[in-house]
Every structure is written in structure tokens, then in C-alpha cells.
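Every chain is named by a letter (A, B, C, D and E) in the order it is written, and numbering of its residues begins at 1.
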Amino acid sequence: MDVIWQATLASFSMLMTLDDRLIEVILLSLRVSLTALVIASLIGLPIAACLAFTRFPGRKIILVSFNAMMGLPPVVVGLVVYLLLSRSGPFGVFNLLFTPTAMIIAQVVLVTPIIVSLCRESLESMRREYHDALRSLGATPAQAISVLVWDGRFTLATAHLAGFGRAIAEVGAVMIVGGNIDHVTRVMTTTIALEASKGDLVVALGLGVVLVLLSLTINFLVYGVRSLGEAKVAS
Amino acid sequence: MTGASPLPLRLESVGLSRSGKNVLKDVTTTFAVDPPKTVIIGPNGAGKSLLLQVCHGLISADTGIVDWATPQNARALSRAQAMVFQRPILFRRSAVANLILALKIAGFAKSEWRDRADGALERTGLSRHAATPARSLSFGEQQRLALARALVVEPKVLFLDEPTASLDPAAAHLVESLIDEAATSGVKIIMISHDLNQTRRLADEIIFMHRGRIKERAPADQFFTRPENDLAQAFINGELLWRRRRSIFDGALVDDETCSSEDFNKS
Amino acid sequence: VPGGSILNGPNKTTDSFITVASTTSTQNSGLFDHILPKFKATSGISVRVVAVGTGAAIRLAQAGDADVLLVHHQASEEKFVADGFAAKRYPLMHNDFLIVGPASDPADIKGMADSAAALSKIATAKAAFTSRGDESGTHKRERGLWASAGVDPTAYSGAWYRETGSGMGTTLNTSAAMGAYTLSDRGTWLSFANKQNMIALVEGDPRLRNDYGVLLVSETKHPHVKTRLGQIFIDWLLSENGKAAINGYKIKRQALFHTAA
Amino acid sequence: MTGASPLPLRLESVGLSRSGKNVLKDVTTTFAVDPPKTVIIGPNGAGKSLLLQVCHGLISADTGIVDWATPQNARALSRAQAMVFQRPILFRRSAVANLILALKIAGFAKSEWRDRADGALERTGLSRHAATPARSLSFGEQQRLALARALVVEPKVLFLDEPTASLDPAAAHLVESLIDEAATSGVKIIMISHDLNQTRRLADEIIFMHRGRIKERAPADQFFTRPENDLAQAFINGELLWRRRRSIFDGALVDDETCSSEDFNKS
Amino acid sequence: MDVIWQATLASFSMLMTLDDRLIEVILLSLRVSLTALVIASLIGLPIAACLAFTRFPGRKIILVSFNAMMGLPPVVVGLVVYLLLSRSGPFGVFNLLFTPTAMIIAQVVLVTPIIVSLCRESLESMRREYHDALRSLGATPAQAISVLVWDGRFTLATAHLAGFGRAIAEVGAVMIVGGNIDHVTRVMTTTIALEASKGDLVVALGLGVVLVLLSLTINFLVYGVRSLGEAKVAS
């Protein structure tokens, strides 16, 4: 138990001193996970909107599949991305293995289903409300989707936070495709795993606390923005 | 917006079922530019709202044909129409933003949005609520905003589902005159109302519905003076309808499961 | 541009680097953190270490995802050469394995010189023993020792014999919490911080010697491999400077790895 | 349910603001068991619905006191009241399940649920819709179901927010007689209506609201024959109100931002 | 790429033959994750309901914290649970470390925030609809919550699927607290990680495919039940 207490102290001294290595690792974590989130959102949001707004045969199957893919095992995703990016794989020539790009790709695969499923759920409940009005006004699908996205932006933000949480906390996939190479692909979670395997539990947990604080900060920031915005358009 | 009216709208043997019940049965009728104002009346659950939504294209009929005269593309067709729902559906935006969104979707030039929206708010008496979130307006204000949103896009055909149900007498009057104005300027009005006085004031022609069927369709004066269908007759006698039906059918009238309207006609 | 990607990490300005596939034991011991800055200083080449299980490291090298392979299982390394994935295995350094366990020592093996005999005592006592169980170099060595002891511990798998199926550090964490014996390499053991009440019990048996080899991935199998830079790295490791760096890595004044003289 | 009526309900200097606007201002009044039926009237946005919700305890006033006479615990107090909202809020269940849920919450014995629910459906003419999902009922049917749900728990005080706005004339009449029956059996009715004829038929006393204030409170006959407040006077003249206000205030009447109701009173 | 193809074949042959070891691992995975889900639901649903239905100072902070905790790093959770259950930890006497119980505890920690956040979101949107009606009927908090949970059961099911997906796919925490001990605490994800570290990618991926198929099956089952139920009470 001592260890947990020491780790908390360690995390604070880490945050106080903020040495270059810690900053490097934190920044890489943020860069990788935020980039992955943006890409996942660019891919996932249109898919979610289409699934929410259109009806076609096989839609339900796609929809349930995306739900199931929220539970894709990171290690499996890591292995598949590894095989694709490996020199002997189809995209080997791009030399992406063991780079941050590879980690971003893996996280995009993990985060996209979360964005699709949660955004679809919230867009769909908006759609139930708005559908008749939008149809009646003669909105094109693109117009309708943009209205749904805009008026549902606060719930969509929550979905994105869930996706970001998954990305920043994830270790299995980035470990495999990034290789946890010092100064190149070492992020917070892989550092924690490494320190834990060295038996240095204080450092591992201290970093863990830093990571959790980071998540909390981002969540509170988004929450702040959200409640400022919501106050203006309270329903 | 510009463009020709897509009328007449022709319905042929339209049927609709929900949860195994036939809620619209064999509806055959035509809505033409003339007469300008058609009012649909009938008891609760007669299928009035569903019929309006079928006409407007929000629900597709299970059987039968719904057909607009002018071969227009779907988009132009839907832009030529507007509807005010019985339960107003407003966007989570301010009142004025609701109107601006409608204008934007209808393809009006951006420079006109603000002026047109402000004009519509003024005409419906909502200017001081321009910045209020639409969903915190009072129910009557919401209903007026929904009307403003339908009028602002200058449709050719206007579907109104009890647009004055929650309005105070003065506001109801205002709305009636707005409807009249629109009709005068060539907009076809198809409206549902429960208020027989209002119907008398506004209607050029009347459709009486009961249990998913159109029971009678007649010019307004003829309908009120000499209704052919006896159910319609009972209905326009207002509270008398209730007493009469109660006395005849022993209290089972509002919920006359035991006597189909067919029986009623025969009686 | 080596690495090929625009997102190639903090030191994308470094245009020369090589990728080394190695085992967790070398990384966890901290050896690389000690020697790689020295190599970078003399050669200007960065070394990117991907530390995984021995099996996975060999796979990486076979797939052409690493330029240099540095592991500790001689038989696999020789097969790697025989299959044509490398021209040659360079013996690099050695350290040793040791049997560690709880200070209470329920099987009473402390100070024994014969590691196989120690294992049979553990089996007789049915004292908890954690095995890597991951086909790593360490795991293969442990199985060899059991064979010498004439015990088939897998028959007791799930009872006192616990196959953790994970890396050395994780297995040590497990052993510490469970109060179990285990076989560890000295490097990981010395640098391991979560020993709790575990101590080294059996060491010094010649059968516990642990040899590391280094191999350059074959250019003929994988034309993109950075043969020149990889060879520079291997040459440096085998040079006097390299040896001095390896031998100079100490924890608590104890050297972790020894090179051939 | 059994138990004494918690009336009278006393409001003192009640104020409420929303988005910086004062939507209820200095409302001081008392609702007693007698007279049985109080009807609140006034233009859209006057604050009628908000006042009713403050009385019912759904909104707490920003300033002032809302006080029930009988010191009862909160639960008993809320069980002594029921409300029908302007926009019916029904549960995602069948019509009959909505009633049963209300009975269960109110603590009726399980053995009585089914009978009481069926009785309430019959009285509101919804028997044939017992198994229909409440939210797919027509708007008028929903409003009647909401009334059934309020009546079925046998409250002491019944708040009704335009309960007949979307009903056909016969159904409106049925509801009026249900309200009368309840009042006769000792239930206090506090009701909002826009229908002046209905108000004339039902009301024992009338409260006229405008812009968040109670402008006049009087026995029904007195109010309709000699209203004291001139705004009230204008209002009960129905459509005349609109014309009159338009002529006096040059079209700024429904949206009379420029003339506060205070000005109006002085004029 | 071959490997992916081989792995798919391998997964089918695994499923065809279904040897005892595979069954053992699958059953343990299901047992651990389903138990964790049930416990997380028993803890999380009441919390979600309280957060959705009551207003008290500090509520928003709790709410955002649960949102942030959806991104708890599994490795950190694993370490903390490890320290708590370790012999030298406060709960050491119970001897739970490296048992399925320990894995369940770790997964409960990971899954509860997901249940709380997603269920709260959906209960809250139900509450917005129902609040006035329930208050008006004089419902006690317990009655109100039971109505919200019952009428919102289909959306709540989705939240539970997301939680289950997280649990069954998770490796970092169960590896640390379970120890991946053969025949005792070896589940599907830890087996996959082990096979991957052995370099046996075909088996690793094959198991991955089996795991994904399992998730899909469960999702489709729940979906089937859900749509049967929804058809009856369509709004």
C-alpha cells in the first residue's frame, strides 16, 4: 500500500520537475492519440451519420458489427497492423513499422468503432426527434446530417472523449506496432508497462497517476467548454 | 420560392396500417389549387394527422397511389410544400435560428435570411423572443414559431395540423388572418381543425373523416347547412353529437368499438 | 529518407539509425541505456531497440523488420543462420541464470551448487515455482534443467508449477507476490526493483551460463536491411570499446554482463 | 386516495426568472377548496403553465413563498395532487400500462390496478386503445390518456393545462363532464384554458394572467359580465381584443414590447 | 499477409475441433468477463441512476471523473489491484492474487466507469423526458429509477455490451493480477499475448479471430433480443 502512496508522491514530483524525458513521452502520447482521434472521427462520424440517417438492407448487420468491434482486442489489432506494415507485408515498402504513424494506424482501428457506435446512437436519437421536421423542410441528406451533428455536438463530444480515453490508455496494440523504442515510439502506457516489468512499481504507478490526471484534465476542459455552450442553447 | 405549384395531388385507394390496425382505409381524393382552403375535420383518432403526413410525403402509404401532377424532382417537390405539425418540432436553437435554418435549407440567398426571418417573427408576434431557445418558448409560442417557419419559405402548398389548438383567442385570430393572406396570394391550404367556428370562418371546402375514411367532402356552406353523412351531421352539431350518440348507443359512442361507422351509416 | 515516414518521431533529423530486435532481459536490465549513448557518440548512428520475447524477436528479424538480432538462445540462433537469415552468429557476451525464491526457502535449496538437484527438491516439496512458459531462452533453459532433474513439472501445471506465459519482469513480479521460486537471468534480477522478500538462492552452476549472440540480418533475404550500419554496430560491440562498455555496466558494483576476454 | 385535502395553497410574492427574464412577477394568491373550479386564462406566454408548475411543485420559485396549509410529508402531498401537462408526457408503454404505473406509484393495492385502469380508459373513451403503445396514439388520444392517468389516482387537487386543446368537440365535452364530476366529488380543479366558451361553462372563478402577473381574479359570472382589468376586458371580447389592440397600438399588440401591460392599465 | 489467411483457417479448425484447452480458455474468459460485467452492473447502474436522477453539489465532478475513468489504463489498474491483493498488501490475507477472482476485480474496476458513464447518459436523456411526469405522480426515487431503467432497458443493453467488449478484450490488467497461469488464470487475451511473444502469429491471430467471433455472436444475440422487445413497445 505504501507503494501507492509513494507513487502518488512520485507522480507529483514528476509533474513538478517535468523533466525532458517525461515531457517527450507525454507529448508523443498526446500526439499519437489525438491524431488517431481526429482521423477516427473523420472516418467514423460520416459513417455514423450515414447509419443514423439512412435505411438500407444490411444496415443492421453493419451496425451490430461496429458495436461488436468496440471490443476488438488491442493485441489482435496490433498483430494485424504489424503484419500489414511488416517488411514482408503488403505495405512494407512504406517503412512504417515502429514509427508513430504505425501507432496512429493501430489506434485509429481501435477508436473508429467506438466513434461510430456511440455517435450513431446519439445521432439516431436526434434523428428520431428531427426527422419529420427535416424531411418536411426538404433537407438534403448532407444538410440533414450537418444539422444533426451541429445540434448534437455536445453528446458527440462525449463519444469522442470515450474514444480518446481508449486511445490514450491503450498499450497492447501500440506496443506491438510501435515497439516501445526509446525516444521514437515510447508513449506513456508503454513506459508504464516497461517500468512495471522492471519491477519499478513506484515509477510505473507514478506515471499511471500522471496519465489519469491528464485524462481528467482533458475531460474537465471539454466539460467546461460543453457547459458554456449548452447554457446558451438549453432545451 | 419560385416555381409552379405541383398541384393537383391525387390519392387513390390509399391504405395505411399500424400494429395490424387499418388506420387509413381506401382514401381516394384530389387536392387542387382551387378551392384555396380545404379543412379536414373529424373526431380524435380519425386518421387526420396520418392522412396529412401521407400527403406531405412523410409517411408512405401501404397501399394505393399518392401522386403529384407536375413531374418535378423530389427536392423541388418537397420545397414547394411546408407543414406545421400538431406537436411542434423545433430545433435546439434560438427562435430566429430555427427560421434561418429553414431558409438555408430552402436555398434562399444568405443576404435575405435575416430580413425574412425577422419579418416572419414579427408577423407571428414573436419578435421579442427571437433570441430565446425555441424549446423554452411557451407551447403557444412554439406553435406560432412552427407556423412562422412554414410560412417563411414561401411554399405553394401549406399543410397545417391544428395550428391554433394552443393559441389564445387573439393569437388564433392573427394566425387565421395569416392563413387567409397566404391563401389569397395563391398558397393552397390543407388544414386540420377541431374548432368548428374557426372552420366556418376559414374553410372553402371541408373533408370529414371518421375511422380512417373520408366520409364526406363538400363546399363549406353546403357542408354546414346540409351535411349528407349523418355522422358528419352529428359531428357539426358539436356537443349535441355527444348527447345524441350517447342516447342512441348507450354510452359507447366516443369509444364505439361495438358499432362500426358502417353500422352507424345504415342506422 | 530512412524510416520513410513524415511522422518519424522526435529525432526525425537523425537520418541514420538501425533497428535491433532483442529480448526483454537485455532491455529490462538497463544494458542498452548504458551502452547505446556511447555507440551513438562514436558512430553517430542511433539504435532503435525493439525488446520482445526471444521467439517474437527472431520472427521480427525473419520478416525483415529488424536489421540486427540480439538474443540468448544459441540453438535458435544457429537455426536462424542455417535458414539463411543471417550469414553468421557472433558470440557477444554472457551472464548467468540463477534460481531465486522466497527468503523463507520452503524447499531448503539455499546455497546448493547443483541447480538440477535444487529443482528436484522444489518438486519434492511441491513448493510453488513460476515458469516463464513462453518459449523464451530462459524458459527453454529451465526446461533443460528440469529434464536433467528427471522431473516433468508440466504434469503439475496449475498446481505448484505455475506457467505465467509472460516476460521475465512480469514473472518476477508474479513470483514475488506468490512467494514462488523461479529461474531468472542475472541482469533482470539485479535491476528488478520489486524483489519484496525474494533472494538469490542457487547460482554459479556452469549449467546456468547464459550466452548472448548477435546476428546481422541477411541482405540476400531482405535487400532493404541496413547491412552497413548494422555491421558497424556489431563491429563496435565486438571491439575493445564495445566490450569495455558492456563490462562497465554495473548495478550495485556488480557487473551484469561479461564479454569473452 | 384517502387523506385530507392539503388545501389551501398559498402563494406569496412568487417570482420566477428564466434566461434573465422575469416570467412570473410578484404572484400572491390562495387556492382554497372553495370554489371547486378555478380557471386560469391569459394570452400565450403569460406564464400560466409556469404558474401551474410552481403550484404543483415541479418548479421552485426564485423568490416568494409557496405553502400548503396541511403540514403533510412531501410524499403524501405530491400524492394528493395530479397534473395533466400541456404537452402530454407518456411512458414508453401501452396505454393501460401507463395507468397501472400511476396506480402502482400512488400505492394502490395490486388487486385494484387492472379494474381501476380499465375503468379510467373506458371513461375517457380509450378502451379499444388499451394495448396500443401510448406514444403512437393520436395527439387527442394522448391528451385523454394523460387525463385518465391523472384521474385514476384520485387526487385531491387536479392541475389541468389546456386538457381539451386537441380534442374534438365531442371528446372535449366528455372531458368537461369528467372534470365536473370530479369537482362535484370534492376534487379541487385548477385549470388553464384558451377556450372562452369552455371557461364560461366550467369556471367557478377566473384568474386572468398577463406578462407573468395575475391581473384579475374574480368569480366567473362577475368576470365575464364586469371585468375590472381593461386587458381582461379586451381579452374576453375574443377576436375583438386583437382588433382593438391593433387599432390602438398600431400592430404591436401581440408582441407589445413597446407598451408594457402597466402602460396598458393606465391607458 | 499469408499469415492472416492462415490464421483465419486456423481459427476455423480450432472451432471445428474445439479441443479441451481451447474450451477451458474460452470458458474462463467468459466466466471472468461476464461475472465482472454483472458485478460492474450491480455497482454501476445504481450509481448511474443516482447521478442521472439527483442533483447535488459535486455531482458534475463525479460525473466527469467517471467519464475520464473510462480511459483508465489497464496496466495501471492491474498494478493497483496487484498491490492491494499482494501478500504484503491490505487484502493479502485473502490470497486472491493470481486467481480468477483477482481478474474479475480488475475488470470490475475497468468496466464500472463505462457502465456508469454510458448508462448515465442514456438514463439522463430518459429523465429529461420523464422527470416532470414522475415527479407529478409522486414517484419515490427508487420508483423513478426503476421506471427509467425499465423503459430504457434497450439502450442500457448497448452500454453493457460496450462494457463486456472492454472486459473480454482486455489483457493488460488480467495479465498482471491473474499472472496468465496455465490452467488457472489463462484467458483468451493472455493466450494471444503469449503466442504473439512466442512469435507464433498464426495461433495468436487464430485465437484473435475466435475472440472476435465470440464478441460478434454475443452482440447479435443481444441485438436479436433487443429488436424482438422493441418491436413490442415501439414509440
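Please note the rule applied: a residue touches a chain if its C-beta (ideal position, glycine included) is under 8 Å from a C-beta of that chain, and two chains touch if they have at least 3 such contacts.
Source: prediction; values computed, not measured.
**Student:** What chains, if any, are shared contacts of chain D and chain E?
**Tutor:** none
**Student:** Find out how few touching-chain steps suffice to connect chain C with chain D.
**Tutor:** Shortest path length, in steps: 2.
**Student:** Does A-B or C-E have more contacting C-beta pairs?
**Tutor:** C-E
**Student:** For chain B and chain C, what's the span in angstrom between their mean Cα positions?
**Tutor:** Averaging C-alpha atoms per chain gives centres 80 Å apart.
**Student:** From the mean C-alpha coordinate of chain B to that of chain E, what's the distance rounded to whole Å?
**Tutor:** Roughly 50 Å, centre to centre.
**Student:** Can you compute the centre-to-centre distance for chain B and chain D, using the mean CA position of each chain? Integer Å is fine.
**Tutor:** Computed from C-alpha means, the inter-chain centre distance equals 26 Å.
**Student:** Roughly how far is chain A from chain E, centre to centre by C-alpha average, rounded to an integer in Å?
**Tutor:** 18
**Student:** Which chain A residues touch at least two other chains?
**Tutor:** Within chain A, residues 89, 196, 201, 235 contact more than one other chain.
**Student:** Using the touch rule from the top of the page, what residues of chain B touch 2 or more other chains?
**Tutor:** Within chain B, the residues that touch at least two other chains are 133, 136.
**Student:** When you check chain C against every other chain, which residues touch at least two of them?
**Tutor:** 52, 167, 170, 173, 176, in rising order.
**Student:** Sort out which chains touch which and give me every pair.
**Tutor:** So the chains that touch one another pair up as A-B, A-C, A-E, B-D, C-E, D-E.
**Student:** Considering only the defined contacts, which chain D positions touch chain E in the complex?
**Tutor:** 53, 56-58, 75, 78-79, 81-83, 85, 89-94, 101-102, 104-106, 133, 135-136, 149, 153
**Student:** For chain A, which residues are in contact with chain B within the complex?
**Tutor:** 129-130, 132-140, 143, 147, 151, 233-235
**Student:** Enumerate the contact residues on chain E facing chain A in the complex.
**Tutor:** So the residues of chain E in touch with chain A come to 1, 3-4, 60, 64-65, 67-76, 79-80, 83-84, 89-90, 117-118, 121, 125, 128, 155, 158, 161-162, 164-166, 168-172, 176, 188-189, 192-193, 196, 201, 204-205, 208-209, 211-212, 215-216, 218-220, 223, 227, 235.
**Student:** Sort out for me which residues of chain D touch chain B in the complex.
**Tutor:** Against chain B, chain D makes touches at 18-19, 41-45, 49, 86-87, 122, 125-129, 132-133, 136-141, 144, 162, 165-174, 194, 196, 235, 238-239, 241-242, 245, 253-255, 257.
**Student:** Show me the residue ranges of chain E that touch chain C in the complex, using the header's touch definition.
**Tutor:** Residues in contact with chain C: 82, 85-88, 97-98, 175-176, 179-184, 186, 190-191, 193-194, 196-201.
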